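In what comes next, subunit A is part of two complexes: it sits with subunit B in the first one and with subunit C in the second one.
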Partner chain A sequence: MLTEGESGPAADAAAQARMVKRRPPARRVLPNVEWVALAVALGLPLVLGDRTDLVTLATNILILSMLAISFELCWGLSGIMSFGQALFFGVAGYAIALVGRDLDFSDIWAVLPLAMLVGLGLSALFAAFLLLGRKTPTPIFVAFGTLTGSYAAERLVSGWQYVGAGNGLSSVKLLKLGQYEFVEGDAFYLLAFGLLLLVYLAARFLKRSQLGLVLAGMRQNEERLAFLGYRVQLFKAVVFSFAGLIAGLGGALYSYHQGFIGPGNMGPGLSTTAVVYCLLGGSGTLIGPIFGTALVETLSYVLSDVAAIRHIWPVILGLVLLAIVMFQPRGILGLFVSERERIGSYGRRQGR
Partner chain B sequence: MGSDVALAFDLLAFTSVMVLIVLGLGVIASMMGIFNFAHGEFVLLGAYTVYLFESIGLSGWVGILAAPFVLALVGLVLERLIIRRFYATPIIAMLGTYAIGLAIRETVRALLGGHYVSIAEPLPGAFTVFGLDFSIWRTVIVVTTACVIVGTWLSLSRTSLGLQVRGALENPNLARACGISTRRLYAFTFAFGAALAGLAGALIVPLYQLSADIGTRFLVQAFLSVMLGGVGTFEGPVLGAAAVGGLTAGLPWVVIPVLADPLVFVIALVIVKLRPQGFITQGRF
Partner chain C sequence: MALLEVRGVTKSFRSLRALEGVDIDVREGTFHGLIGPNGSGKSTLLKAIAGDHFADSGSIVFDGRDITRATPYERARAGISLKFQITAVLPELSVYDNVLLAAQSGETLPRLLFSASRKALDAEVGGLLERFRLTGRADDLAGELSHGEKQWLEIAMALALRPKLLLLDEPTGGMSPEERRVTGRLLAPIKSHCTLIIVEHDLNFIRDICDELTVLDQGNVLDRGDVETIQRSSKVQQVFTTRV
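== the complex of A and B ==
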């Protein structure tokens, strides 16, 4: 009887007191950052107006952000250190440039899916070779495999006459929608923005889905997850392939936007730049890499006008990366975002 | 017949360069388990030291002798300040050393003004054996490499310091418990690896012009060599470097050069995939 008495209203009150005493969840920062980023990206064409050089820069940032997100999916979400993300970016860029040159074709409804397919196919091949197999590969092997692939591709392309060798492919055919041709400017900006938004939402959905929960567990303790029966390497391969798809889309847009694609766009140089974007902005937050891309590209644009700094800009970039790796591995956004929010929460929210 | 011997000599000379570069990388990777992305820049700094000594009017020989010591000092300082924080996290170590390398490379590029600088061979010319000409400088490189390999192997297998190194490699915790300062050993190893890179850079700069990218062109091959040979052994990286160096120099004679370059990487990667532990299994230094 006593026990029954305790489970009455008195116990409810006690439970409620506990609920009140429990620390309220930390204020969420990331949604605010995301809304601000959305507002800035939408407002930018209006503010910039006829400064076409700045619109071009902003478009470039949006396109490179896809590369950054592609790397973020590998490193921030699934813990694969990829030093070759630019490979998928560059190869897709070459593919659509060749389709434009040899087949005289650049209709948007076909070339962008083609680029994504190229990125997906190539990265799936790499994933199958590097990640899958009877023996679990070491992270070092995967890192070197991607680095080597990127390096080898750059060397191959820069010696191959058919694809323009060291000069790359210039005057890439313009991207077409019906009769309309996308040139640099507001229209291309909006196109890149729309596609980036789609990519971002897809990545956000992936991060918060049940697959994302598995990935979060994998980052914590891969071995334990494997003991629970998850085929860890398969999950990694799936995410890696999806990241390749996004990089491919970015590469195609880059190629159309610049009107040029060269061996340097698939080499370790651009691949490691993607690493810098991601780590500087804050890996694991998804919006961080976009922030990092905008920061790095804007700074390098501004500083390229200052002759004294132009030459040492890469040195500064290297030192910044070193400082981040040593002292602030969570990047700039990591200063504001709690660890719990960075990892993400997957249970049912309280108060619903 | 004559051209075959000449080709074999070229192969040997290039392989020696690879071995010299890979040895330092392999020693560091074996001991601390980190892959030093700044190794190419250590090579570059070795070459740059020679250039500096020549530009203030000293003979190239002084620069070549000084380069290993300069780089040992650089390596020691970097290890104490930065590298030792990365021992627990090999992937982060890649990023950290990459950042160091980037900073060094771009600094040197700015100092050189983006130019290529030719450094004359300290011993120019060739000598003739059985009617065949051999470049003297390449011979010096081959002989030096052989000496370095033998010297390193002897000091690892015959001296008490070598015993400590092998002990720390086998079981770092037990080595520490026995009173071996692994901290000092790691600093020493890193400085030694950097010194080898400096020596390599000083020796190869007359063959390739001095530019900021002189080290990075070998870096990916060097990494593959270490993985191919097996981390944690002495012979492994040397064998791996010999294999990769031989392939790099030999393949262009078999297939068209455009394909030869990437093919080396593909072959090496496939072998590593099939045999992740490397040619030589870990545990025997």
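== the complex of A and C ==
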């Protein structure tokens, strides 16, 4: 091993200068945002009180946030451009609706794991086809593959009478915990909140692990990672399947909460909305997609209720989203969170 | 037996024949230099060995195993590590994380998920950073390093893979004379546990650290032998005086 003296005085002086120029530790914003979000989510039922319409909206936001996190794991974390996350969401929603209708069964301990398995199995199948070939797939191939899957599934169920065709499946059996039935309201809100918290913590654990470091490297330079000895496509397939599991859980909750699941819940429309949630809120963080979901859904709710703009609110919303994507590509959270914090740090780090 | 046996390797890019049947043997524990004029096929040969290109024909046997059609991942796992000509550090990750990423590449997926090896690898990563004079920059982003430091980081990453064979493509490219001297001293100790193939334009650098040389010219092996033999070779002198 070399000693310091070997570099010579000039090199030592240069090294000293660099040491002096090192930046102070960046202020960490994300933990504060997470605590605020947690406090808001916990306090919301108390604030909303009897406004059941708003509790329903808030529950919807929590459920759709799972879809947003599912997309974030694919794109923000691993660089997989999936335009079909709603496929796993919708198919799981249909699966539990059919189990309720045909088997008269909706026990929470069985149906939610079933929905996750459906999401996991279907996404693993897509991953095997789209990601695990001998030849490295291009991002465009994966984007079109997932988009086509989502579109084809929507068309298929739209014409399939057994699953309600274009009308979808309504009167989905209520979710049960023993004798207790979850209906819209505070109980369902707390259930969705608890499950979203678990999903968030699991995704956070993944992101901050050494596996998260591999994914962060993969997102920057896949080829380099292959030369370091990583089976890049296998890592992608694993994350894609995990994301499918989360989308499946969200789909089941959505189906029970709405009492309905339709072809649109697995199509490109909802898949693209998940992309919007992430880009708007701030891809690259896990809290950003939740923030984006809350913003889009709340704006949609408010704008659709204003008589003057009732018919053109989707256009206004679309323009707002377009402006954000064009002028703030790191999303709204990107205004507050440094690039360094967004990407994360895995080894020794100031303030670790 | 040679650690690496390259036999009759050819590689074309459309109408350009970059390699025209190259044979090379690299013995274990040696530093082997590849030299030649620009466009002689040095980097192409290195990339064919690392798996960045597949050879059109011929065979590459590493450590007794035919790796001619193996993927870069498979070759890396077999013990071949490449430092690219153009630095390919991960610019948005810290210097420490770049080396950690390389050091942990042999870990299984569950161990990575549960960060089971992070503490154990800390000493190894720290040691490599110290050896390549990057300790003071461990927490800085790799993209912020100077060119010379990026080259050292690349070499540190390549060594973190604990390779049997290290391929260095112009490791001193863009470095100052002082940095080149330091790089030579940094590489010398790895001979005890690693075989090296190095592509380099700086003939003084090559002469100082290599045991054997292969001279390529227009995709063919022009000459091979120890440093003194090559220095005396009239064929080599002719190529270098007329085309370099």
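Please note the rule applied: the second predicted complex is superposed on the first by the 325 of 352 C-alpha atoms of A that agree within 3 Å, B and C clash if a C-alpha of one lies under 4 Å from a C-alpha of the other, contacts with A are read in each partner's own complex, and residues count from 1 in each chain.
One rule holds for everything that comes next: a residue touches a chain if its C-beta (ideal position, glycine included) is under 8 Å from a C-beta of that chain, and two chains touch if they have at least 3 such contacts.
Given the structure is predicted, the values throughout are model-derived calculations rather than measurements.
Of the two partner chains placed by superposition, only subunit B is touched by A:148; subunit C is not.
By the touch criterion defined above, A:179 reaches neither subunit B nor subunit C.
In the superposition on chain A, contact is made by A:329 with subunit B only, not with subunit C. In the overlay built on the shared chain, the residue A:321 is in contact with subunit B alone; subunit C does not reach it.
In the overlay built on the shared chain, the residue A:238 is in contact with subunit C alone; subunit B does not reach it. Of the two partner chains placed around the shared chain by superposition, subunit C is the only one that A:339 touches, whereas subunit B remains out of contact.
By the document's definition of touching, of the two partners only subunit C reaches A:206; subunit B does not. By the document's definition of touching, of the two partners only subunit C reaches A:228; subunit B does not. When both complexes are aligned on chain A by C-alpha atoms, no subunit A residue touches subunit B in the first and subunit C in the second.
On subunit A, the positions that touch subunit C within their shared complex are 1-2, 6-8, 10-11, 15, 18-19, 22-23, 206, 209-211, 213-214, 216-217, 220-221, 223-232, 234-235, 238, 339-340, 343, 345-350. Residues of subunit C touching subunit A in their complex: 50-52, 71-73, 76-77, 81-82, 84, 88, 90-94, 96-97, 100-102, 104-107, 109, 111-115, 117-118, 122, 125, 127, 130-131, 133, 136-141, 157, 161, 178-179, 182, 185-186, 189.
Touching subunit B in their complex are the following residues of subunit A: 81, 83, 129-130, 133, 135, 137-141, 143-145, 147-149, 151-153, 155-156, 159-160, 268, 272, 275, 279, 311-312, 314-315, 317-319, 321-322, 325-326, 329. Across the complex, subunit B meets subunit A through its residues 35, 82, 85, 90-92, 94-96, 98-103, 106-107, 109-110, 220, 223-224, 227, 257-259, 261-262, 265-266, 268-269, 272-273, 276.
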